[in-house]
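Listed below are the structures to be examined.
Next come two complexes built around subunit A: one with subunit B, the other with subunit C.
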Partner chain A sequence: MFFVWPGGLGLIYSFTDYSGLGTPEFVGTDNYEKLFADPTFYQSLTRTLLFAVLSVPLMYVMSLAVAALLVSNHTRGKTAAKLVFFFPWLISPIVAGVIWRWMFGESFGFVNYVIDRLGGNPLAWQTDPDLALMVVVIAATWGGTAFNMLIFIAALKNVPRAYYEAAEIDGANAWQRFRSITLPSIAPTSFLVILLSSLGAMKEFAMIQALNEGGPGTSNVLLIQYIYETGFQRADIGYASAVSMILLLILLTIALVQMAVNRRSAA
Partner chain B sequence: MSTSTIASKQTVQPKARKAKELGSVVPMTTFMWLLAVLYAFPLVWFLLSAFKPGSELFQYPLTILPENPTIGGFEKAWDRFDFMLYFSNTLAVALTTTVLTVFASAMTGYALAKYQDKAWIRIFFVCLLATTMLPTEVILSPTFLVIRDLGMYDSMAGLVVPSILTATGVFMFRQYFVSIPDDIIEAARIDGARETGIFFRIMLPMSRPIIMTLAIFSFQWRWNDYIWPLIVVGDERKFTLQIALRSIVGAENIDWPLLLAASVMSILPLVLIFIVFQKYVMNEDINAGLKD
Partner chain C sequence: MKRRLILTAGTAGAAALPLSACGFIGGGDDEGDAKTVKFWLSGDANQGGGFQKMADKYFEETGVTVDIDDIPYDDFNTRLRNAAQADALPDLARVQSIDPIWMNQLEDLSDVASKAGVMDNLVTENEEGAVPTFLTDLTAVGLYVNKSLFDQAGVAYPTTADQIWTWDEFIAAVKEVKAATGTRYGLVMDPSSHRLRSMMYQFGSNGFELGDDCTYSTDEATTAAALEFFANINDDDVMPRSVWVSGDDPNALFKSGQVAAYYSGSWQVADFQANITDFEWASALMPAQTRRATNLGGGYVVVYKGDKSQTALDFVNWLFTAENYTEICEISGFLPVIQGLDIDYGASQVNFDMYNEEIAASDPISSAQSNDQLEMAYAGQSAGGDADPLKEEAVKLANGEQDVPTTIANIIAGLNENIVCE
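Right after this comes the complex of A and B.
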C-alpha cells in the first residue's frame, strides 16, 4: 500500500498542476514540456550523471582493492584493518558531509593546510564547481567502501583455492592470477556492486546537503535535491513528480542495461 | 600463496622461502595500512578537532593534537543545542521502527516461505518484488501526500509507518525460513501446536541471528535517515538528530565547535551497538545482497 499507491499517484500527479492543496488540475504533458525546456533540469541531470560516472568506478576499485587485501595471505593485522575500513558505515551521510567539509574547508581545512605547507596554492574546494564535485566523489567513496567491501570479501572467499594453485604451477604471476581467475570468478558480485552503487549515486542527497548544499550556488544540485526543492520548497508537486518519473526511468534503464550486459558476458 | 612452483618447493632452502614470503608480506601489509590510515584520518582529525577550543580550530599552524583539550563544545551542544531532545526523538523513532520492522518482516517472510501453496501469496510476493524497484526518493511527494491525508504529518507515526516494511528485511527472513525443513512444522502440527504457536514458539526463536542482523541494520538506517524526516517533520521540537545537525550546517555562520561536538555525540549510539554486536554486522554471509 505504501509503495504501489504512491507510485501510481506520482504518475498521475506528474500530469497535473497539483501544489499540495486544492484539487489537482489535469494539464496533460505540460510538466514534461516545461521540464525538457528547463536548463536547470539539464544541468542537474548532467551533474548527476557525471557524479555517477566518476564515483562508481572509484568506489568499485577501492572496495575491491581493500577486500583483496583483507583476504590476502600476504597481509598482517587484517582484523584491525577491517574494523578501520568498516567504520565509515556507521557514520550518517550528514555527519560524513560535515567531516569532509571540515577536511576540505578553504581557509581552515586540513587538506589546504597540507597543500600550503608543501608550497602549493590552496585550492578552492568550495567555490570551484568541479573541485566541489570532486570532494563529493571522494566523500561518497569513503562512505560507500565499507558495505561493498563486505560483499567482495564474501565473494573472494568463495573462489576455489585450487585455481590459484594450478595457475601458480603454470607460472602465472600475481597480476595474471588476479585478472584471469579472480575477476571472472567474482563477475556476478561485481555486477551487483556496480548496479547498487550506480543506483545509489543517482540518489545521493543527504551527504551533499551537509557538505556544500549543492554549491557553489546551484552548480552541483543533483536530481534528488532538485526534486526536493521544486516539490517541497516551491510546492510544485506536479512538476516534481514529473522529475521523479524521469529519475525512475533512468534508474530502470541503468538496471536493465546492466542486466543485459551481465547476461551477455555470462553467456 | 607462499611457494611459487612445485620445483622450487623442493629445491629452495626454507630460509630463502621465508625471505621470499616476507618480501611480499611487507609491501602488501604496508599498502593495506596506508589505505587504512587514509580512511581513518578524516575521522580521527574530526574527533580530535571536537576537543579543541574554538580559538584553536582556525589557528595556524594547525596541530594534530589539541593543545588545550576542552569539552566546551560538548557542554554547549548539551545545553544550548538541546541535544537531549533530538537524541530522544531519534531514539524513539529508531527503536519503534526497528521493533516493528523486525516483527513485520519476520511474519511476511515466514508466510512467503512456508505458505507457498496459496496462489495469492505468490502474487503478493511478485508485487513485493516490484516495490524494490521503487526507491523512497522517487515517490517522495506522493508518499508525503498519503501520509498527510492520513493525518500523520508532523507526528511520530508519520516518521515510523512508511519505513516499517522493507523488502530487504522480508527477503532476509524468507531466505532463512525457506532453508528450514518443513518437517519441523509438520511435527509441531502433529503434536497439536496451532499455526500462531508454531511461528512464535518455534520459528521466531530459531531465526535469532536474522533478527539481530536486521535489527542492527534497521536501527542504523533509521538513525541515519535524513530525507524522510526532513519532509515529514515541520516542528523544530520534533526534529531528529540528523535534521538538527543539518540546521547547524545550514546556518549563515557555522558554529564549528558546536557542530563538531554534536556530530561526534550523534554517532556514539551506533558505535556502541557496533562494538557489542560486531559479529552480526560483519558476517559477510548474511549481509551479501543487503542494502537499503
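Right after this comes the complex of A and C.
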C-alpha cells in the first residue's frame, strides 16, 4: 500500500483536471492528448534523453577510471584521494548547482576568468543552450562519480588476482588484461551503475534548478522540471501527473531494456 | 531473475513520482507556545532586517516572540500553498499576492487599517466589506546609476523633472559610459514581469488588460514597441542576456561595478546604502519614451485565522502605530502607507525624495497591477498558482526562441488560461 498508493493517486490525477484545491473532475484522456500535441513536452523529452546519453557514459568512464586508479598498487595517497573524490557526494545538489553556476558564470565566472587570462574569448556558458547543457553534464558527472566509484572499487577488489597473474605470465599487457579480465568480471556491476545513472539522469532536478533553472530560457528544461513547472507553478496537477506517468513509462522501458540486454549477454 | 526485475521496475516507478515527493512543507507549529507567533516573509535581510528588529523590540516590550521565517522570494507562494494544504499556515505573513487557496482564512484587518490611518486608496474591501489585507509598505520601480562610471565618462543623468530622458537617450547614454570607461555592460534589469510592465507603461502601453468579456487584450502597437526594444537591448552588450534567460543575479552584477545602470526599485536603497562601498551610486529618474510611469507594489500583510490570530493581530496593531511604523520605514527604507509621518531616511533621503517625485509624476496606470490583483483575487477570478506568462514569454523572447507577435499572442493565451470568470 505504502508504495503503490501515491503512484496510483498520480495515475488517477492524470485523468483529471485537478489543480491542488477543490474536487478533481474526470476529463478522460484529455491530458494525454494535450501532452502528445505539446511541442514543449517533446523538446524537454529530447533534451532529457540527450542529457542522459551524454552524462551516463561520461559518468561510467570517469568513475571506472577513478576506481581503477584507486585499487591499483601503484597509486599513492589512496585514502586522501578517496576522500577528495567522495566529497561531491556529500554536498547537497543545490549547493553543487550554486558552485557550478559560480564557476561557469558568464560575466564573472571562474572559468571565463581563466580563459580570459589565457588570452581566449570568454564562452557563453549561460546563454548558449548547448554549452549550458555541457555545464550541466559536467556538474552531474562531478556529483555522481563518487557513488559509482565506490561500487566499482568493491567490484574491482573482488576480481581474483590469479587471473591477472596468469595473464601476465602469458604476456598480456595492461590494456589487454583490463579488457579481457577486468571488464567481463565487473559486468554485473557495470550494468547496475549504468542502470542507476540512467535513471538518475532522467530525474536530475535540484542541481539543474540551482545551476541555471533549465536555461537559457526554456531550452534545457528537462522532464522533471517541466513537471514541476506545470504542477506547482501553473497548478495544473492533472497535466503534470500525466507527464509523470509518461516519465514512469520511459524509466520502466529503460530498466527493462537494460535488463534484457544484461540477460542476453550473461547467457 | 523475475523477482529482481519486478523489484527494480518498482523502484523506478516509485522514483518517477516526484509529485508525491516534492511537497516540501514548512511550518509545523508544534514547538511554539501561546507567546510565539510565526511570521513568514521574504527578503527582510535585503531590507535591513527591519521586521526582525521590530520583532526583537516587541519581545522586549511584551514578552511575545515573533518568530520570523525569511523565505526565498521564488519559493514563497509555493510554500504558502503547501502549508495551506497541510493545514500548517503561519500566524501572519507579508505576502506578494493573495492566493484563493487561503484567501478565506484571513482575519479582517479593517480595524487595524483605520486605527493606523492607512491611506484610503490603498485599502481595498472585498465583497463582504472586510479588509483581508493591505500594503505594509509602498515600493516603486526605479533606476540606479553607477555614479562613478557616469562621472568618469562625463555623461549626465536626470535628477529633476525637466531633464527627463527617453529610452533611446538612456540607452545611448549607457553605451557612451560603456565605451568611455570600458565597463562590461550598460544596464541590468530585474528578470520580473513587474519591471517589464513598468517599462511597457513608459512606452505608452497599458500592459495586458482584462476586458468585460473575460479575455485579455493589449494595445498591440505600443506593447510591441516596448517588447521589441526589450529584445534589442538583450544583446549581451547593453544588457547581459544571462540575467533574463538563465537567472543571473542583476543585483550582484550591478554591485560588481561592471554595469552602468540598474532598472530595479525602491527596495534596493537600504541594501545599496549598506553594501556598496567600491563605487558611488545614485538614483536617477527613469526614462519615459512617451510618458512617465512606474509600477507600484509592496508587501501585503495577512493574519491567518487560528488560535493565535489575536496575538498576531496585537503585533500588527503595535507595528502600525506611528512610532514603530516610522522606525521600520527608516530601517528598511519603506515608502510609508500612512500619511503625515516624519520619516528620516538619513543618507538615503535624496533617493526617497526622488521616488516620491517619480510616483507623483507617474501616470495613474502605475498602480493598476497592484489594485487589479487584489480585486481579481477577491472576486475569485484568479486560478492561483505561480504562473507568470508575461515573464515566461519575455524570457523566450530574450532567448531568441520566438518573435514579438508570438510573444504577445502567447502572453494573452497564458493570461486567459489563468482567469476564471463567473
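One rule holds for everything that comes next: the second predicted complex is superposed on the first by the 265 of 267 C-alpha atoms of A that agree within 3 Å, B and C clash if a C-alpha of one lies under 4 Å from a C-alpha of the other, contacts with A are read in each partner's own complex, and residues count from 1 in each chain.
Simple rule for what comes next: a residue touches a chain if its C-beta (ideal position, glycine included) is under 8 Å from a C-beta of that chain, and two chains touch if they have at least 3 such contacts.
All figures in this text were calculated on a predicted structure; none of them were measured in a lab.
J.: Just checking: does A:87 make contact with subunit B only, subunit C only, both, or neither of them? Give me first, second, both or neither.
T.: First partner only, subunit B.
J.: Determine, under the contact definition given at the top, whether A:228 touches first (subunit B), second (subunit C), both, or neither.
T.: both
J.: Counting residues of subunit A touched by each partner, does subunit B or subunit C come out ahead?
T.: Counting contacted residues of subunit A, the larger count belongs to B.
J.: Using the superposition on chain A described above, determine whether A:75 touches subunit B (first), subunit C (second), both, or neither.
T.: First partner only, subunit B.
J.: Using the superposition on chain A described above, determine whether A:199 touches subunit B (first), subunit C (second), both, or neither.
T.: Both subunit B and subunit C are touched by A:199.
J.: Applying the document's definition of touch, where does A:15 land relative to subunit B and subunit C: first, second, both, or neither?
T.: Neither partner.
J.: What is the contact status of A:218 with respect to subunit B (first) and subunit C (second): first, second, both, or neither?
T.: Touch status of A:218: second partner only.
J.: Shared contact residues on subunit A for subunit B and subunit C?
T.: Dual-contact residues (subunit A): 3, 6-7, 9-10, 13, 20, 107-108, 199, 203, 205, 213, 224, 227-228, 231-232, 237, 240-241, 244, 247-248, 251-252, 255.
J.: Applying the document's contact rule, which stretches of subunit B touch subunit A when the two form their complex?
T.: The contact residues of subunit B facing subunit A are 1-6, 21, 24-25, 28-29, 31-33, 35-36, 39-40, 42-43, 45-46, 49, 57-58, 60-62, 127, 130-131, 133-135, 137-146, 161-162, 165, 220, 223-224, 226-227, 230-231, 242, 245-246, 249-250, 256, 259-260, 263, 266-267, 270-271, 274, 281-282, 284-285, 287-289, 291.
J.: Can you list the subunit A residues touching subunit C in their complex?
T.: Touch residues, subunit A against subunit C: 3, 6-7, 9-10, 13, 19-21, 105-108, 124, 126-127, 132, 195, 199, 203, 205, 212-213, 215-219, 224, 227-228, 231-237, 240-241, 244, 247-248, 251-252, 254-256, 259, 263.
J.: Quick one: which bits of subunit C touch subunit A in the complex? Just the residue numbers, please.
T.: 1, 5, 8-10, 12-20, 22, 78, 81, 85, 100-101, 184-185, 236, 240-242, 245-248, 253, 256, 258, 383-388, 392, 395-396, 398-399, 401, 418
J.: What residues of subunit A sit close enough to touch subunit B in their complex?
T.: Listed in rising order, the residues are 2-7, 9-10, 13, 20, 65-66, 69-70, 72-77, 81-82, 84-95, 97-103, 107-108, 110, 113, 117, 142, 145, 147, 150-151, 153-155, 157, 164-165, 168-169, 171, 192, 196, 199-200, 203, 205-206, 209-210, 213, 224, 227-228, 231-232, 237, 240-241, 244, 247-248, 251-252, 255.
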